[in-house]
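By written order: A, B, C and D. Residues from 1 in each chain.
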Amino acid sequence: MVLALYPAAAFAWLMTQFGSVSGGEVISSSWDWVPTMGISLSFHLDGLSMLFALLITGIGALVLTYAGTYMKGMPKTDRFFMSLVLFMASMLGLVLSDNIISLFIFWELTSFSSYFLIGYHHEDKESRKSALEALLITAGGGLALLAGLILLGIGGGSMEMSQLVQRGDELAESGLFTAAMLLIIIGCFTKSAQFPFHFWLPSAMAAPTPVSAYLHSATMVKAGVYLLARVSPVFNGADGWHALLLIFGGITMVLGALIAVMQTDLKKILAYTTVSALGLLVMLLGIGTGIAIKAAVIFILAHALYKGCLFLIAGIVDHETGSRNIRKLGRLFKQMPVTGTAAVVACLSMAGIPPLFGFISKEYSYESTIGMVVNSPLTTSAFFITGMLFVAAAGMLSYMVFFGRRNKLDIKPHEAPITMLAGPAVLAVLSIVLGVFSGLINPLLDQASQVVFPENEPLNLKLWHGINTELILSMTTLVAGIAAFAFVYYNPRLMSMIEISDKIKPSYAYKQTMDSLAELAKNVTQRVQNGYLRVYISMMVGTFCVLALIVLKDFGIPNIEVLWSDFRVYDIVIGVLMIVACFYTVVAKSRLLAIAMLGVVGYGVAFVFIIFGAPDLAMTQILIETLTVVLFVLVLWKLPHYLIFDEGFIKFRYFLVSALFGAIMTWIVMLITSYPLDSHLKTWFAESSYPLGMGRNVVNVILVDFRSLDTLGEIVVLGIAAVGIYGLIKFTTEDDKEEAI
Amino acid sequence: MEDVLPFLIGGLYAGGVYLVLHKSFVKLIIGLIILGYASNLMLFTISRITRGAPALVPEGAEALVEPYADPLPQALVLTAIVIGFGIQAFAIVLIKVGYRIVATDNLDDLNTTDRLDD
Amino acid sequence: MENELLLVLLIPLLGGIISLFFWMDVKRQKIVFLISTIAMTLAAINLMRSVLENEVITLQSAGWDAPFGISLVADYLSTFMVLLTGIMGLAVGIYSMGDMDRARMRFGFFPLMSFLLFSVSGAFLSGDIFNLYVWFEIMLISSFVLMALGNTKAQLEGAIKYVTLNIMASIFFLAGIGVLYGLTGTLNMADIALRIHSVPDEGLITLAAVFFFIAFGVKSAVFPLFSWLPASYHTPPVAITAIFAALLTKVGVYAFIRFFTLIFTHESPFLDNLLIFTAATTMFIGVLGAAAQMEFRKILSVHIISQIGYLIMGLAIGTKLAITGVVYFIIHIVFVKTNLFLISGIVNRLKGSYELKKLGGVYHTYPFLALLFVISAFSLAGFPPLSGFWAKFALVKAGLVGDAYFLVLVALATGFLTLYSMSKIWNEVFWKKKPEEETNLEIETLKKERGVINRQVLLPVIAITVLSVGVAIWAEPIFYFAEMTAEQLLNPEIYIVNVLGMAQ
Amino acid sequence: MNSVILSAGIRVLIPLFFLFSLYLLFRGHNAPGGGFVAGLVASTGFALYAINYGAERTRRRFKLKPIFLIALGLLLAVVSGLIPIIAGETYKTGLWLEEIEIPIMGKPGTPILFDIGVYLLVGGTVLKIIFSLWEE
């Protein structure tokens, strides 16, 4: 409750700026955050921002007041309010940001906080699922948006929106223009629940009602619309922009309204009409004429007022009666007169009946569809259908709940407390006041439309335009809408029989995508990570072979100039002996033989060292070899029988890999040694060892002096190995047994 | 011998890889050791070799007398051998303890840790 | 100046040695570890201060001028990696004091940790390819021992694969050193960078690069060389996994960056394409693996792979902005990933399992822990304004500026799947109700055995969370530093001149 | 293996091995040998003893503490590098007493000290491994 003071204060402050902003001033402040990346926290308060900011803070204050009572007695309300306030702040940040990246940051923060708000009833599986769905879709769109915004920034050479809108032409020439536009549109569509991403919004109704009222009617879902409006000075007129917004907006609008009237749950009806309203907004932005922009701006306000009000009312009804099913509810007006009145007012605004603000909005919308150069009839009739269905939905929301048939409730409902009534009442009153005295809001809306469409003619809101096509259409819509409502009201069975096959719903596609993603993840993982060590090894060796061959193909196989005079018999003998021994380690039928053969190979290596002037190496090799064999014997004599696994074909394949690997290494050694090497180190060591290193054994001098750091590392390895071996053998969890060191 | 060495190295590499691709614990270790020999020899060979003449400064002389073997690769190989020994010793014991606790000599049975749980 | 560099290596080494003198005396080892790691971190800060003044500091070990002795080089990148090493060592060390079982501590956990920190720092500072190999080996053997310490069945299974594949990688590394020495006749990285231009055929350099690609690729766990990681990382106690996750793969990435900005700088479409291919597949297959897992720690460890893909992506793009992004990404990932591992350990302490199916209800009972998890998990998924967002932002921007659209696409898809896998953990472990099977009695006995959340386990988690939020909010100084680092890396002349002492 | 002759032989062999290892250690700077090889030879002597008499007895008889040897060897190796720092040189710079010339070994200096560290550590390591395996 006290929390409501914050947005209220912000609202009050905004109101103090109302005059200047309406006069066309822009209030801005900026703070460099990460200049290296071109990111600043710059805020910009112009007409459009002001409109949204007022909605956010104003409705925010009402919703917080409302929620204080609504959430009483529920668990973890502190965390709930924390998320709600975080959301409020980030939403405010979003509409005030001028820097597109800080805008994006707030954008994602709204997704983030709404995840926790939607998942408030997190112990319920459906709730978790809805929250996740909303998060994944909006965040997924967010990724596209991020790419789009960065492209926009790169193309326009600035990260500030106020700069970018002035550089529309420059941007249009850069090759990134279309990609940026598409990506931004995707981001906005996911956030504003446009077809085919719309389904997360109805699912998000799992959230507590104040959240739905706030996020899903007035604020978050409008963020996409806001951003589209923001960037529309840049993209207005570009190829595809109009078509995309018109088509998807239109589909969303009609589809949302159609599905809405088939619902029985109050919140679902509201959710789908919201989807529809968002579609309408996108469509109006798509039309993109001056009048359409005006219509959009007006509708944003009108919709926020009535939809916020209706959501809150739905919450009250739910809270007081325990049901949201319009079939069960009815004739509540007597017990809940204030709520009922507010509901009727809001619904009248929704239906577009004068003198409410919704009426003005509808007039302008018709005006803009009629004024379209192409496709006017199609758009107008789409809007006509939607308007008609809105009237029907309004009837369902007011008449069926508060009048109509007797309710089938078990408990006796009564009026809600004042704190909960305040919100809907204020919003309802505003719908009337702004409708009648539209001049109050005219300057702000005018400014807002100027922001979106800089050359727009001044706006002049009026309730009465005289009898013209728009009015006739409005009235026809109303009549048709009432007829539609009557149809719905008297044929409840029929309505519930209409079932849309799951398989054509986008939500089904989403589910399928997620499922197949999980399936893909599993398959791929099982394939690359199948648990067999030899597969891993062959992947490593195979990768090397492929890469090395690609490089080696440019080199010929080096000529082998065998100087037989250089050969000594024991060279050949040693070589052959080692290869044979190596072969025997492979095929040996007993472990001991394999180890003995290993020893032969090792001593052979030592012999090679002797031949080529490395006595220290030979000595070390011999000692180490002996020690290794001893170690083997110590370790292995307790192991059971040596098993030979017959692997048939696989074995052959492995043989090929090994042979290829060996051949490549031979090739590489021959290739590299065929070039001359001039090592300045060699001569330096030869000359410096005795005078500087005080030693005649150059190898040793290198080990203990020139490169003593290597040797230090080497002995650390040995020490750790000893500790490790001790740990492996002696490890015990018994504490008291003191080990000798 | 210089001309034989590349083939010897290749042979050792091939044998080592073929061994580690087997299922047996012991062959795995033997294979790794042989691969170690191979890479030591490769390091030794590829930095050019000189027959005879160890890198010892004779009494009375101040510097090595031509022809002499490049002492640097020798030092490197020596370090590599010792490090290799430390690591191989650990690996040998690891295999033994692993054998005792996992109770199999078949490497293919060691595939519980990267199995997917459903 | 030189001794400042020396200190960061000497302190953990001496710490390890002194701990060995106190073999089996856990109490004293703890104190030694704590003191030495704090001192090392301070020394790293001191070194950083000094490097910021002098750009590059070189220590010619044993007083022999490069390229004849071994050079230890601290430039921006190395120093900051060392600093990260110190911080993470300290954090994980403190955590393990509250979490590790006594038996493992008695069998050398602390000295091994010291040696691990020693070797990791050494690998960052080494300016000599063979010396780098030695550091790698110390790191390997200490990680082998830590991996197997405790002898559980899973640990040994994991360790056998880990050990085998890493030994194989070392063999490639050694052969690669041979090839480079055979081509240039020197070992000092700066000297190689100079001499590599006179190699008769650039194809030979590419050939050498292939060896190092395999060696470092295994170490840093890129596709298709990462198999050891999912097989083993989740098997030892969580503190060990956490320190591995924080440091080991990063050493591989560091080596990649060092070699591909200093030595393999020649024009090679083959290598460029190889890096792009590796980055894309590593990112995507890594995250698919994380999406497929159903165990807390497995998800996290497999997910490391995909993060490595991002780092390689930056390297593949190779512009200044991209490398800046990589540097920032490393900071981000080290903090966040380690933290997530530590949190999974705390959850395990509380609930006695890592299996998502058996967990639940943590959000209900431990909101603070949940908050810590949320910060790290959403940071990992790239949610602004957390550090993961900045990291991804820089890379995505670099990719878009550098026309690497394919990589950006994969990176974004990977980001989406990261979110998916993190929210899976959140849903199952935190939001879901705890499954009924386990009675309260069992939990009580578990708690008695394990102790509730104690100060030692919680403190590091809080500290790292604060750090990771800090680098997000004060992203500017970090990015500024990262940009300097990138500039230094892309202009290796400074490094070369400094190491070879040609300035005078 | 518990034959009398072998036992007697080993008793004689141990000091021999030990002396030979010292010889190898100190000549290492000028001729093939060095700390590593020497350490291996020394530990082989004790290992033979252990094979005959068992690890426990070897340990008690010679008061061997392998971990202590390892730690000491490492410490010595590190300290040998620290001495030059006190003298104002870079870490591990070789310092020599140039006037003195000892037979076999040549001039004494910090690198020799380092080699002794290697010697101790290698001996400790091998003994540690052998003892651990033997006692199991």
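Everything below uses one rule, namely that a residue touches a chain if its C-beta (ideal position, glycine included) is under 8 Å from a C-beta of that chain, and two chains touch if they have at least 3 such contacts.
Since the model is a prediction, treat every value here as computed from it, not as a measurement.
A count of C-beta contacts for the chain pairs C-D and B-C puts B-C on top.
Once CA atoms are averaged chain by chain and compared with the all-protein CA average, the nearest chain turns out to be C. Look at where the CA atoms of subunit C average out and do the same for subunit D: the two points lie 37 Å apart. Subunit B and subunit C have centres, each the mean of its CA atoms, that are 27 Å apart. Centre to centre, using the average C-alpha position, subunit A and subunit B are separated by 49 Å. For the pair subunit A and subunit D, the distance between C-alpha centroids works out to 62 Å. Chain contacts: subunit B has residues 20, 28, 38, 40, 42, 44-48, 54, 56, 72, 76, 78-79, 82-83, 86-87, 89-90, 93-95, 97, 107, 110, 112-114, 116 touching two or more partner chains. Within subunit C, the positions touching two or more other chains are listed as 13, 20, 23, 61-62, 130, 134, 137, 141, 144-145, 148, 151, 160-161, 164, 168, 175, 179, 181-182, 185, 187, 227, 230-231, 292-293.
Among the residues of subunit A, those touching two or more other chains are numbered 522, 525-526, 529, 531, 533, 537, 541, 615-616, 620, 624, 627, 631, 635, 665, 672-673, 677, 679, 681-682, 685, 695-697, 703, 705, 707-711, 713-714, 716-721, 723-726, 728-730, 741.
Taken as a contact graph, with one node per protein chain and an edge wherever two chains touch, the assembly is complete, since every chain touches every other chain. Against subunit C, the residues of subunit B that register as touching in their complex are 20, 28, 32, 35-36, 38-40, 42-48, 72-73, 76, 79-80, 83, 86-87, 90-91, 94-95, 97-98, 101-102, 107, 110, 112-114, 116-118. Taken together, the subunit A residues at the contact with subunit B in this complex read 522, 525-526, 529-534, 537-538, 541, 560-563, 566-568, 571-572, 575, 578-579, 582-583, 585-586, 591, 594-595, 598, 601-602, 605, 608-609, 611-617, 620-621, 624, 627-628, 631-632, 635-636, 638-640, 642-645, 647, 654-655, 657-659, 661-667, 669-670, 672-673, 677, 679, 681-682, 685-687, 689-691, 695-699, 702-703, 707, 710-711, 713-714, 717-718, 720-721, 724-725, 728-729.
Touching subunit A in their complex are the following residues of subunit B: 1-24, 26-28, 30, 33-34, 37-38, 40-42, 44-59, 61-64, 68-72, 74-79, 81-83, 85-90, 92-97, 99, 105-108, 110-116. Those residues of subunit C lying in contact with subunit A across their complex are 13, 20, 23-24, 61-62, 64, 67-70, 72, 101-103, 106-108, 111-112, 115, 118-119, 122, 130-131, 134-135, 137-138, 141-142, 144-145, 148-151, 160-161, 164-165, 168-169, 172, 175, 179, 181-183, 185-187, 200-201, 203-204, 206-207, 210-211, 213-214, 217-218, 223-225, 227-228, 230-231, 270, 274, 285, 288-289, 291-293, 302, 324, 363-364, 367, 378, 381, 383-385, 389-390, 393-394, 396-397, 400-401, 408, 412, 415-417, 419-420, 423, 427, 431-433, 475-476, 479-480, 483. Chain contact summary for the complex, subunit B toward subunit D: residues 54, 56, 78, 82, 86, 89, 93.
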